[in-house]
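As structure tokens, the structure follows; a few thoughts come after it.
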């Protein structure tokens, strides 16, 4: 079984491009060109140079000694938190802005929930001097004010999404609507491995630098190329896709995907798509999503804005359905506790998304000789308010 | 003329250890051991490994193309903003915590103004599992709440300094008082190239990794080892000391130090020590400091908490007095404007401290073939509130 | 022959009206349909509301949200339509996003539509190739037409492909936009309509998006076989309720 | 012979009192001095207030801040003391941090002290080696004693070095602390005092820090030549003003 995309744009039965005809020319243009452009020498050179000099890659693979002691196994943290703008999101936006330039696009749109992807997009647009419009749910704008300010400082226009539940899902709808209205000069930079083909594959490829580096770095640290486990949180799934990428077809490397259980799977306030979702279509992709019996997409909930999405990318739907990856759900409380533990044991304040991945150690026992790589997808600076409130600091 | 420290602990006429006898054993123990410990293979290995895997070094040397175009010269940014915890401060705290461990210390104290050094200290203490006490002016605690929360999350105890003006200067006094009261088991991690000998030299050496990397990176980028100019902001002077270090005695490399003029040199609300200061003693060191005619230390002012210090390190006093470095003063308004410019041209939100360094380009003209390295000492995440208020975002 | 095809053969500019089922009131569906037929509308698109209607502008979005709040479901819509053919003979199309149909079961959905007397479906996010590969046979089995969209950006090649897969009419989106945008029907639009008209497609074209009064209806149908009014009708319902449908339609022709 | 040395030769346990010039009132200096002499105090340390007194605890810090707010300056202090020798003969020491002295000019400062009749200086942040190299000659020229501190952590070797540079007394800090801490004078402290006493230094030792009443004074002076009271006196001034200095001193001996 293959875990990479097939030539029709599917992972197993998931994926495809379920888009209105108005989007067809855009998506088709991208589909026809993305692999060709990505394989160009000039593209690769520019991409890799920016990842190195601008983003600060390679991100370290850090052996967390005190955490390892605590859990009696060998834990490496892949430090995406050290990237410019504070998360893995920038790997993708750097790739896509170069893609957009080569496609001759003059205007960039993006959706954002917590604002991380919006900031990463505004950042690369500033870098390239390209107009940037970011859609963000009206509610998220209110609760993520610092990231809104960041985007504005970077010269982006932030447009509130006032439809539906006024959060990420709706911001995505608005971005798609904008694209429908601006089909020629605009590129839509999607922020995760979601959306119509070729987005999930393209984003996964841009993020695959994570696992490429893990391989090389493990070789230096441990003299082996592969870990026993890779753990990553899954919102849409891009940091996980990047961390898994070069190990997908190597079954010796066990993959663990961590979803947000919010107040608990049974609570009705959760974002654990693999447990609660069913197959369906969201944002142009056939995948697993949380929905009513009637096929209406339901509002997810997680304390972590980046995991607060009712679907997962089609790759992850396939990894789940096929059993290739083990899916774990972590509640708000469990994640917050693990986040705090990382602070106090390793001096790293993780993004609450990443804290979900760390909580897997409380759910699952590893052998002392196991090498477990955790994707530390982002830093917790953006989450300080939440941490402060939660722990009453 | 030499610009490094002499064997008596002076840079020219500046430096020394003007400390009460109660501190003598501590400072003397450090003085006798610091060079020996720093030169140990084991120390170097651990230091370098942590800088690489934990801090994320080397920090990139990034050719800022759009900024270069704007100013018609070749501008490289040394990206200390990408370090773990967001500034150059961590280079020093990593070094000092390893030093403290080797000296058998069980308790760490530190002073902090904006909280960057406090966070960097709390971070390394968490990493090593060592008790951490951070002194912070009561007023700074109120206006830098997120960094206070960060320190608490990292397990540190933050103690308000309620004496004097209740800001950085007083926090430093309190830390020194704590050290006087705990002379055996405690190491004081000073956050800049200030304080009694050997602190200025020790901190400069820990920060010298910045210029070491600049050398290597310029070789790769430009095929030369040295820039024409290095620009850095100066609060106490540690990022500048680190960026200058390996070029200090190479007069071909011109050094520019940027101080905070606050509301203007003449306004009475300023922190431009080189212009407004006179020789004197502050925090155990003979240097330039802002003081009344009567020798009372005056309260400085800058919009940037990290530059809001009434002195400079003795190295900088010497660089100023000898003319080795050119000193420039930048007002709040000039710095804020330059910070915003970097956002919009390069997608990087700088710390307001670092924005002062960038403003030098509006004060001084460079040749188009000049290679100008700017120490981007930190990221602006900590300053968002200030940016938001200032620009009414 | 399917009612849609019959109506298209009538050689008259078609006026098609879209409304969202469950809006403005949960149980307005049947009465709106009857009223539209009574006022000599040629065709009706019944919108099955969806939580995330990404091809729609604010007006239809809001009507969908309201309809769902009112309690509209796929099942309920089918119940409301169960006896509709006892009273109306106008062509009825259900317009809905793919996910609710998928959850209902595509075959079950088609069967139910056939049973009720629905003539066709517009599923904006069901791609042509997926339709062709998986559902075309099913749709013909239940004598349901599937209507595809084209836009000013659709390539000639693709238009011909869509034409080949279509068997009712082609939904010609007047400009690159979501529903409900006010757009001109000036020379650019006419050139586009003319270009398509000159392609001699086997399926007639009906223009949608942006038609809101007599003048835009006339402009849209100059080169096309008909036009669809959606947002403008929803707006009318939202301000005037269902009472004055007659006057809204009379103002169009 | 310097007044301090004379007084030390008197073979009596010395009681020395510290106060901050300019506190509690700007012009209290002379009257406090007179009152202390009248109450048979042996020696007085006049604190020259400093903005950043880093060896001092909260009490003396606060008194310094207040004194500066009241308007105390080096110049003013010298004015206040200008005629002090007309009325008192008690040994007078100025205790101040180095920076204000440096700004006044060390030589000018010494000259002024000599002119007034100050007998010695305590400059806690002036290192012994800097003193020796740069200022020792100056101090002798003006017949000023410079008093150095030692603490329980000071090594024997360094104590001997300090003893060799000193020519009045050694200020023996009772424990590792800033001024004003309440500390015990139990066995540990006594052992420390004994240890120093047994070193047979050429300079007598006077204990400072933590002495606040008769019992701590007695304990501190068991093995030492005297003791200094600072924070406790400042506290007394802050609650009772300058009126009841007599009773404060009487409570000590």
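Remarks
Order as written gives the chain letters A, B, C and D; numbering starts at 1 within each chain.
Criterion: contacts are C-beta pairs under 8 Å (C-beta built on N, C-alpha and C of every residue); 3 or more make two chains touch, one makes a residue touch a chain.
The structure displayed is predicted, hence computed values, not measured ones.
Common neighbours of subunit B and subunit C under the contact definition above: A.
For the pair subunit A and subunit D, the distance between mean C-alpha positions equals 67 Å.
For the pair subunit A and subunit B, the distance between mean C-alpha positions equals 35 Å. One inter-chain figure worth recording: subunit C and subunit D are separated by 97 Å, centre to centre, where each centre is the mean of the chain's CA atoms.
Counting partners per residue, subunit C has no residue that reaches two or more other chains. In subunit A, no residue reaches two or more other chains under the touch definition. Taken as a contact graph, with one node per protein chain and an edge wherever two chains touch, the assembly forms an open path, each chain linked only to its neighbours along a line.
Across the assembly, chains come into contact as A-B, A-C, B-D. Every residue of subunit B that touches subunit A in the complex is listed here, in rising order: 52-54, 56, 59-63, 66, 79, 81-84, 86, 122-127, 129, 145-146, 148-150, 152-155, 340, 343-349, 381, 384, 387-388, 391, 393.
Residues 16-22, 24-25, 163-164, 169-170, 173, 176-177, 180-184, 278-284, 291, 293-298 of subunit A touch subunit C in their complex.
Of all residues in subunit D, only 50-58, 61-62, 65, 68, 73-75, 97-104, 124-128, 130, 148-151, 153-155, 158, 162, 173, 176-178, 181 touch subunit B in the complex they form.
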